[in-house]
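You will see two complexes here that share chain A, one where it goes with chain B and one where it goes with chain C.
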Partner chain A sequence: MVTIKIVNVVSFFLGFSILLLFTVLLFLVAGLDPLTSIHLLFYYGFGSPNYLIEALLRSVPLLLISLGLMFTFIAGVWNIGAEGQFCIGAIVAASIALYTAWMPFPIPLILATIGGGLGGALYALVPAYLRAVRNINEVLTSLMLNYIAIYFVSYLILGPLRNPTTNFAETPPIPETAIAPRILSGYRLNYLSILAFTLIPITLIVLSKTGFGMSIRFMGQNPIAADFIAIDRKRLILRTMFISGFLAGLAAAHEVLGVVHAVRQGISSSYGYISIGIAYFGGLHPIGIFLVSLLAAGIINGTRLICFFLGIPIGLSDILFGALPIFVFISNRVVERLIVNRLIYGRGVQ
Partner chain B sequence: MKSSLHTPLFIEMRGITKIYLNRIPALIDVDFDVKPCEVHCVVGENGAGKSTLMKILAGVLKPTKGEVLVNGKHVAFSSPTDAQRYGIGMVHQLFNLVENLTVVDNVLLLLPLSLREKLWINRRRFAIDFKQFSERIGLPMDPFAKVGSLSAGLKQRLEILRLLYLGFRVLIFDEPTSMLTPIEAEELYRFVRNAKSSGISIIWVTHRLNEVNSICDRVTVLRKGKVVKHLAEEDMQRGIELAELAYYMVGENGLEHLHKVGHRDSKLQSNKPILRIENAVIKDEHNGIKIKNINLELYRGEILGIAGVSGNGQKELVEGLLGYRPLEKGKITFDGVDVTFMGVSERLKMGIAYIPAERLERGVAEDLSIVENMYTYWINAIDSFRKQHLLKKKLLYNTAVNLIKEYDIRTADPNFPVKTLSGGNIQKLILARIFQNPYIKVVIAEEPTAGLDVKTTRFVHRKIIEASRQGVSFIVFSSELDELLNLSDRLAVMYDGRITRIYDCVDTININELSRYMMGLDG
Partner chain C sequence: MSTVIIYDFLRAVVRVSAPLCYAGLGELLVEKTGMLNISIEGTLWLSSLAAFIINYYYGNPYYGVFVGMFVGMLYYLLFGLFSIYIGLNQVLIGVALNLFAYGSTFYIYRFVFEWRERTTIPSVKTLMDDLRIPFLSDAPFLGGVLFNQPITVYGLYILIPLAYYLLNKTMYGLYITSIGENPEASDRLGISVFKYRLLCLCLGGLLVGLGGSIFTTYLSNIYLDQMIAGRGFIVIALLILGSWTPLKTIGAILLYSFIEAFQYRFQALFASLMTFIPYQFVLMLPYLTTIIALTVIGRKIKPPAWLGKHYTRIK
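After this line comes the complex of A and B, so read on.
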């Protein structure tokens, strides 16, 4: 419905303005001139073709993970484990790439990409199974599994998969046969990034045109009633978590095969956590999520550069994204209370 | 603490109305009073408003309208603590105790002591004091027993003792015997009869009528949020006919001018039943056996009414039939297939449908639109939709919009969320989406017209009868006797987890006899 979409946009801009205000506050606290700093922040984020393409590149993992999280959140399944699913996806993709290097070019790339996705998906099925069959809270299990994944990857890159030539805590470099080729020389954007962007219309169709999409929406709104209109909840929990994990793994494959070309300590850069806020800020809608992840990517890039140039702590973007879910929550609530209930339905519901 | 023994309370509630958020009034202009030293029974079915009235008296809920007077003075309770200050306390159905602590500690927890007193309290002396107190009252209790190890009866006893020890003058018992064994219940009755002499008033809320005669001084009967009958002391001394009371509880009007809108020529028994439940035993969530061996058969195109005071296992039977609650024993066959171990969604996909009493909780997703609430059911329950990968949204949408017109669902826009609809319109939505499913064979309807106005009620009845003529079978659970007598082809009576009687022909039912079966006084 048109009005509902307008409401989403209003809610987005409200949240965005709160975010800006908060940023201004942070700059003031850091003793900087807020207007110049914000100008610089956005300049380094999106100000030139080079910066814009870098922002697009960084938006890919955020986009993929939050598209996956979108499904689980719509279904009322709280997957907090994208971080862990990302790590497992990364290490699986890297291992496949390393061990299939002898095959001709596109095969290792394809295998590693799919393998990365499946790695994340299988890892997500652990909390999904516990939730669906044993009714164990998925927030706790998925969150705790993150640490297992992070330390397991640490173990691998410090031990069996350590790069023998440099002896750094990283895997050997990904062989040529598994590297995703770049689209334009000189820019890091690659063909796996394109794949990610094609997922925007696909997820949109899945959400609005399939029985799966509509059923998860209903289940998320009223899980008990879902039982009584023949929705098979267990299956939907498993499916949404599978998709979510798969996309997180795919995001990892993009980073490993397309950008970093190895698995290093801290490869996920907290993408799994940041994406929770992005999925909500994007209104749990693929296009909104795309815009927000691009915005977030620009802000991440921008803050890193201005932190470097202005000599302020690099944690700035972490603070911003840590606070993002709160702003989203506030703006959604305000818009719902003030606009939707009052003006559109013409009554104060509850 | 035990001071106020000599200040009996006289409580009056005038014109109490309570409307919950779902906009269905729970109480309408109810007058109620409690005299000092009496046992006042409040009877009525589940959902009649008994609990709401008691919660208002205990300060848990605020009335929408009306006033509460204590000893002639206006009071406004805004929390249970306020009511407690006047000595009004509730003995809860589910106990308010800390299981890991001892009896004494549970009493100490509630004592309004200062920090100093808390630190220096002599638990041993207190325990002896409490033990003597409990013996004096006539409910002896070991002060050092662990609460977790006590039986339900003793836990309840502790709750009572605790309130008395704190000086409470008015005790509200909400369905007090539902968790007790017969012996424990007998002890409780004895206590209640004695308590009056020590200046305590008791409000006894129940739907078990045989308790009424043995302990009550006065009786108030609630039905659908209204006081339908009040029996004063004189009436009680004259002795009351329980069947008469039952009659007030479940409905009195329209019995003379009964006319059946039904349709059946009793040929159906010859077919094979479409749904059959054999020797079913079902537990409730507290692990008590709620359904005790039920056998039922439902034939094609028939409407089977289930009469009974609610709380006698209807909810458990519905959930058992749907697969939402497992059967401890027994077997359910649907359309020739054993469905005993199938889940809810599998059974619904086979052609069982459900009209829930709790519409908002079980029927709809309030924040989704009206059309979405309709077609999400179709795409899950109907095979041909589930097998499509991409749905024909336009078709679904148009079907839904046509149904909104046909069923006269009042809304400004089919895309508005369901929470903007009234209760009656939500019920129409649920019916509309079910009857649009061509594969429906059996409908399990719980209170299909509760909270609806006369016009909508008639509409719902007409739709049910139309569908049954086309071969859909119905099991209708209702607390409205009139409704059941109007709709049903056959009528089964449920009491205490059993089917106590099945009437094969509704027209010849003797209402008096029926209500006796409903109260478990016969058979």
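After this line comes the complex of A and C, so read on.
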């Protein structure tokens, strides 16, 4: 079964508290009152129904990407190309939406959503193929493909797909027929977001109840033994990467069709990179990932708003997400080695 | 007339390639020991900013370079602390350190230069000077290209043969390669894996920091947030193309610098060509070439066998 270890949960919260202390330090450097600023950070993150729904909305791309990454990480495949898959998914979804605008309402939306997912998935198949068939390190290739995708999208939105009526580097707005309808008027949460949340139980079932989930866990833990019980590793690498890319593309479709309604420069504000940490800290478990991505989304929203209102440079959320893994891992080691090993089992520090 | 243009162009190639060569050699040393440090990008960002700040306040680019090197070393050692001693996944910690560097350079730059009050972009007046070497620079044509450059370029003339010699002809090079290929076996033979990895991280960090600081102490007199723009990853790509050997890597870097300098120099000259091939495709080129090369001759490009894997001592 898929489980979450208590040690990891404890160390995550310990690391998170150290991160908050670090944030206090940053606020002090900026010459702000730290307690008010921390309060505002959480208020803008989760404080009112409006902000909470915004956090839910922001958590959707993070959730989708990290659910996809979860499969690859469990299988021991290090896909760090989610950023590129997201970009390709976004541009494919937008172009399908733009070129099928003449069809009646739900058809362009459905086509664009699936197309975005497939775009990301096909893009993810490139490093997957190279890893599975040629045995080339997928970290290197997916990293390279990120930049290829970013420049390609940048070319498209400055060139052929540019909106002729504005000065910004963006595509024309998504036509009405392809926009995901909102659930509550006044809030940006839409039906594609609901689709994302239904994926949590689905991935949980796939992971814990199916042969596929079983074999990827087996493969991740012992790839050589996986060969002996005739697990087709090549096929599993291709499949997990396909799922990962598909979900990244879906996340992009959600952003394009549900939230931004266009593709802009920097549409993926390093979601692909942040999600790597989220997948890992969610304990590679769908529910853990959901909680962590909600927390992360609240922090992103909170930092953006306090940066805007208190006049701090917006680099804060990147700093926090860079520092979070560092603190969490240090506290994980401290908890494991000092408390669990020494106090509970009476073993010394190795 | 045309010789002057070509002369200028070749000097620009050497100039553009210098920081990449340093970063490439530094990262090569680290990857040879089996550590995949993708936080090279963040290291370049941080060291270029550090060099810029020091140069701005002390008015001496060489101080900036020294501090940049030091910052590079510290950031590489931070990576080493997490990957070697705490045992984190190298990819994860690399991505995290990159994000941290993106955010903190953005933050620090704005605080150091009081972004709210300032109306002009801070710029430095002191950049590294070109040093003309008396007799060699008088040699026809290439003399001026190779020997009328800042001191950092001359450092490379010593460093490249040294790196080649160190990695291919000495015992230490053999140790480093064996650690990258199989740390377990190396450890059993009595080679201290952790010591050599830390040593390579120190040296590599110094070189990458030096490469990063050249951007703001020689190439440009202002600092921009998007200045490095993925050059760290380009270095990793070129390292793959150079199949982890010093000379081939330098060759790949020179080839890339040739294209980059060509693009800057002749943008106006070949305007029609540039509209035909947008600049994004030029930026894409090193990545595309790497992917294609890996697909076509992937079997010949062999990374260190333990690249990116964690190693703990057998208990």
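General remarks:
Please note the rule applied: the second predicted complex is superposed on the first by the 320 of 350 C-alpha atoms of A that agree within 3 Å, B and C clash if a C-alpha of one lies under 4 Å from a C-alpha of the other, contacts with A are read in each partner's own complex, and residues count from 1 in each chain.
Criterion: a residue touches a chain if its C-beta (ideal position, glycine included) is under 8 Å from a C-beta of that chain, and two chains touch if they have at least 3 such contacts.
No experiment lies behind these values; they were computed from the predicted model shown.
Applying the stated contact rule after C-alpha superposition, one finds that A:Ile80 touches chain C and leaves chain B untouched.
By the touch criterion defined above, A:Met214 lies against chain B but remains apart from chain C after alignment on the C-alpha atoms of chain A.
When the two structures are aligned on the shared chain, A:Phe242 is found in touch with neither chain B nor chain C.
When the two structures are aligned on the shared chain, A:Leu143 is found in touch with chain C, with no touch to chain B. Ranked by how many residues of chain A each touches, chain B and chain C are led by C. Of the two partner chains, neither chain B nor chain C is touched by A:Phe27.
Of the two partner chains, chain B is the only one touched by A:Asn222; chain C is not. Overlap of the chain B and chain C interfaces on chain A: residues 350. Put simply, chain A touches chain B in their complex at residues 1, 4, 205, 208-211, 214-215, 217-218, 221-222, 224-233, 345, 347, 349-350.
Residue ranges on chain B touching chain A, taken from their complex, read 21, 322, 324, 343-346, 348-349, 354, 356, 361-369, 372-373, 375-377, 379-381, 385-386, 388-391, 393, 413, 415-417, 419-420. Those residues of chain A that touch chain C in the shared complex are 26, 29-30, 78, 80, 126, 130, 134, 136-137, 139-141, 143-145, 147-148, 151-152, 154-155, 158-159, 270, 273-274, 276-277, 280, 311-326, 329-330, 333, 350. Listed in rising order, the residues of chain C touching chain A in the complex are 36, 38, 82, 86-89, 91-93, 95-107, 109-111, 115-116, 230, 233, 236-237, 240, 278, 280-281, 283-284, 287-288, 290-291, 294-295, 298-299, 303, 307-308, 315.
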